[in-house]
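Chain IDs A, B, C and D follow the sequence of writing; residue 1 opens each chain.
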Amino acid sequence: MRYGSGEEVLRDIGLSINAGSFHYLMGPSGAGKTSLLRLLSLSQPASRGTVVLFGRDVARVDRDELGRLRRRIGVVFQDFRLLDHLTAFDNVALPLRIGGADPERISAYVSQMLCWIGLGDFIEARPPQLSMGQRQLLAVARAVVGRPDLLLADEPTSNVDPARAERLVHLFAELHKLGTAVVLATHSRELVRRWPFPVLHMERGRLIRALPAEPRAAVG
Amino acid sequence: MASEALDLPLDDTPASRFLAWFIGGLTYLAVLACAVAVLAQGTVERLADTPRIVTVALPPVDDAAAGEAEVRAVRALLEGLPGVAYTSLVSKEELDRLVEPWLGRAGEDRPGEMPLPRLVDVRLLPGPEPDLAALAEKVRTVAPQALLEDTSPSHGTLETLARRLRWMGGGAGLVVLVLTLVVVVVVTRMSLDLHDETVDLLRLLGAPDRYVARQFELHAMASALKGGSIGFTAALATLVALLYLPPLLGHPLFAVEPRPLDWILLAIVPVLAALMITVAARLTATIGLARLR
Amino acid sequence: MRYGSGEEVLRDIGLSINAGSFHYLMGPSGAGKTSLLRLLSLSQPASRGTVVLFGRDVARVDRDELGRLRRRIGVVFQDFRLLDHLTAFDNVALPLRIGGADPERISAYVSQMLCWIGLGDFIEARPPQLSMGQRQLLAVARAVVGRPDLLLADEPTSNVDPARAERLVHLFAELHKLGTAVVLATHSRELVRRWPFPVLHMERGRLIRALPAEPRAAVG
Amino acid sequence: MASEALDLPLDDTPASRFLAWFIGGLTYLAVLACAVAVLAQGTVERLADTPRIVTVALPPVDDAAAGEAEVRAVRALLEGLPGVAYTSLVSKEELDRLVEPWLGRAGEDRPGEMPLPRLVDVRLLPGPEPDLAALAEKVRTVAPQALLEDTSPSHGTLETLARRLRWMGGGAGLVVLVLTLVVVVVVTRMSLDLHDETVDLLRLLGAPDRYVARQFELHAMASALKGGSIGFTAALATLVALLYLPPLLGHPLFAVEPRPLDWILLAIVPVLAALMITVAARLTATIGLARLR
């Protein structure tokens, strides 16, 4: 994978993530964690090689199918990518609205989600009025509210206090138990110590300690 | 709790924010242009309804009896034609009055026996524009030197003016509508570019193109309804002022009252515009989105 | 202090930071750490009470003096606030240019700074082309390049790997030795363990464990 | 390594990006307007330099000797006046030629002895517009029935036209300049709003207002120089085409070649505009910034 016409930032990635698995993605800054997650979240096509997701080669699916695949993935972006002009409620409701859920269920679900994650007092607040940690919680809430089959979380605990980080990983673990495959990019060794799941280690665009290595990225 | 906010912050673009105002101004112009067309059409119809007079002039002859026979023949021919209501010979006194400004008073400045042409007024039935050349041709079969004159020149000018105004008004209305659509397309394209990050996010969340396009459609529709009603109201006010305020009441072009149907026709303009704007925004967005993967 | 017409987010802050001191600022998400740093960085005036900086009541200084005071402060914003249209070099050069340093010294200084911090390969890159960790390093570089008298760093290690975080705190400690007062907001207990400096603890807009408590915020 | 980029991404605003083009278009118009003014001024000066002839007409008299005495008296009076170069009596032959189209050929269509007025051509020295009424008054002291005619009517129209064009060109140039300044002020204000976050950051880094204002100033100056040179070049091209292309060469208004000084004057327009634009941007930014704390 490459950005624009630059050199490839990811090379020789062989990775297979099974349905309902849980992996950490670790590695120094600039190693390519976010880039790998971009591949998996279908943000960017692979410049070489194939990405297989839920049993389908994503380079070959049509637009509608691509949308459907994306709706099965929840992403916590490293820069959150919240919509500043929408309230916390509307931000979290977005994936459900796009999925076509009915308004009442959305309302119940979203309020519940926000309260659970600790933003019950900020339902009508807009992202710029939230502290950075609160924004991160909001981003997580948006990613998990649709009960995705695959959750990609890019350093989702970097801006929250340890207690909340704990709670978030607990949430991810619960989802994992319900069958969601989770990939969690993080710098925190503490998290890995407390929640021991397999670790994918990256360095300079290469995956150097993947557990079940295969010559392509496959998920699901 | 579900708010009315769009997923795209479209109201935050300067261009988008002014879309409603653009549309308002253009609707105003379109409605006025169409009003001109509609009123002109009314005038054309009214003119077609008023009877019309043409005059047949027979050159002066020395033999009075032969002259009278010629006149009789011409009148008989004309009254037998379809589209002619009746004919009447212009009397000697009226004729004298008509030529007075040109030739002087009979008996005083000019010899009384100076030969004058004989004039026959032909009153045509109301209806479509008569073919005067054909009429003249027919008259000349009995009176070879007869001349046919359309004695209502102001009628003709007014009708030509009304016809022109009808086309011009309609044309201007159309041009303005097209212009509005162009503005909508350009603004939608700009918004699509400006909000590419948000559009990107929506697509990453799995939104199909129709979902994203709907955002632009909704915004365009809201702008069109808002702008359209403002523009329509303003145009109506202008129109009523033009039609019913004293200084303009006298002008023959404004002598026609719009009929109820006319008002309905005018009301259709902003509705039609709103519809077309909405469709244009949706199409532009859909096409723009299809370019992205 | 309050945002807009909302309720006060900071209350009863009594805080005095001495020249050349080093404090951690800790507390749960939404406690008001960033808000306190906004007060100290002269981003926002206090709604009540006084802020004394370098011996001056900042509510009373004129525009020029305010600029001068701000130039003595280096800030690592929690959201970085890098200028996306400028290269890494220009971003770091910004405080020096504003300070009116001469171009040659700027060039030497900035290049040196970028290399030291580990962005030597990214001098001409713009922020959107950098990984989040790299952006954070850039934000730190911009904050320290002018050798400020007061350094306010809002979770400056949240997005970098532990090795780089270590290096950054080392940098801050060096500055501290050279006489810079440092306030470092962080969630990382590990940092505090490894570099034991006094901790200011915040909770719901209140400072609950400040070391030398005085009835106003005074620095310098 | 220090790049030329501004601290504010001003070129990224649509409004800002088009600033150069705006300025280009307006400079084009301003230069053309000023060219019209300058050429008209040239025409006015040239017309003032060409000598002017007025004619004194003395009514026909029966007594030839008295008539000749009157003519002599009038000529003596006129030649003594300041501003008069010389006078000449229009000869009998010339007079015949003059009246021929009106009264017919002498001796043929008209009795040879028909009395004709006597005409004295008065050639005035070049200079400011002469007071013809006062001149006529003076002549009437010796020949009470004398009439004074300005025999160069086209000269008068042309001069009036040229004078009007001079003012209109200058006025239009001024209006365009003012318009440019307004656009610059509006665009600068919009940019200031649009980039409030970046402006805020610069101020947090301790940038004094003049540093931030300088960003807007530099951008406006760059736009002005770019737009100004484009507009100036285009205007020059248009002007040269108008002046030296065959179809227009004949028209008297374009008979004046611009003098070197004129070209320099025209070149000053974009430079002056650029200067004013730069100052306007700086002032607008400074005032806008002063509102923030």
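Methods note: a contact is a pair of C-beta atoms (placed from the backbone, for glycine too) under 8 Å apart; a residue touches a chain by one contact, two chains touch by 3 or more.
As the structure is a computational prediction, the values presented were derived from the model and not from experiment.
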{"item": "Interchain contact steps from subunit B to subunit C (minimum; 1 if touching)", "value": "2"}
{"item": "Chain separated most widely from subunit A, comparing mean CA positions", "value": "D"}
{"item": "Interchain centroid distance [CA atoms averaged], subunit A/subunit C, Å", "value": "30"}
{"item": "Where subunit C and subunit D are represented by their mean Cα positions, the distance between them in whole Å", "value": "63"}
{"item": "Computed distance of Cα centres, subunit D from subunit A, in Å", "value": "71"}
{"item": "For subunit D, residues that touch 2 or more chains besides their own", "value": "none"}
{"item": "Subunit A residues within the subunit C interface of the complex", "value": "3, 6, 27-30, 34, 78-79, 129-134, 136-137, 155, 158-165, 187, 189-190"}
{"item": "Complex interface listing, subunit A residues touching subunit B", "value": "41-43, 45, 63-64, 67-73, 75, 81, 83-87, 89-90, 93-95, 97-99, 103, 106-107, 111, 123"}
{"item": "Residue ranges of subunit D in contact with subunit C within the complex", "value": "1-3, 5, 7, 9, 12, 197-198, 201-209, 211, 293"}
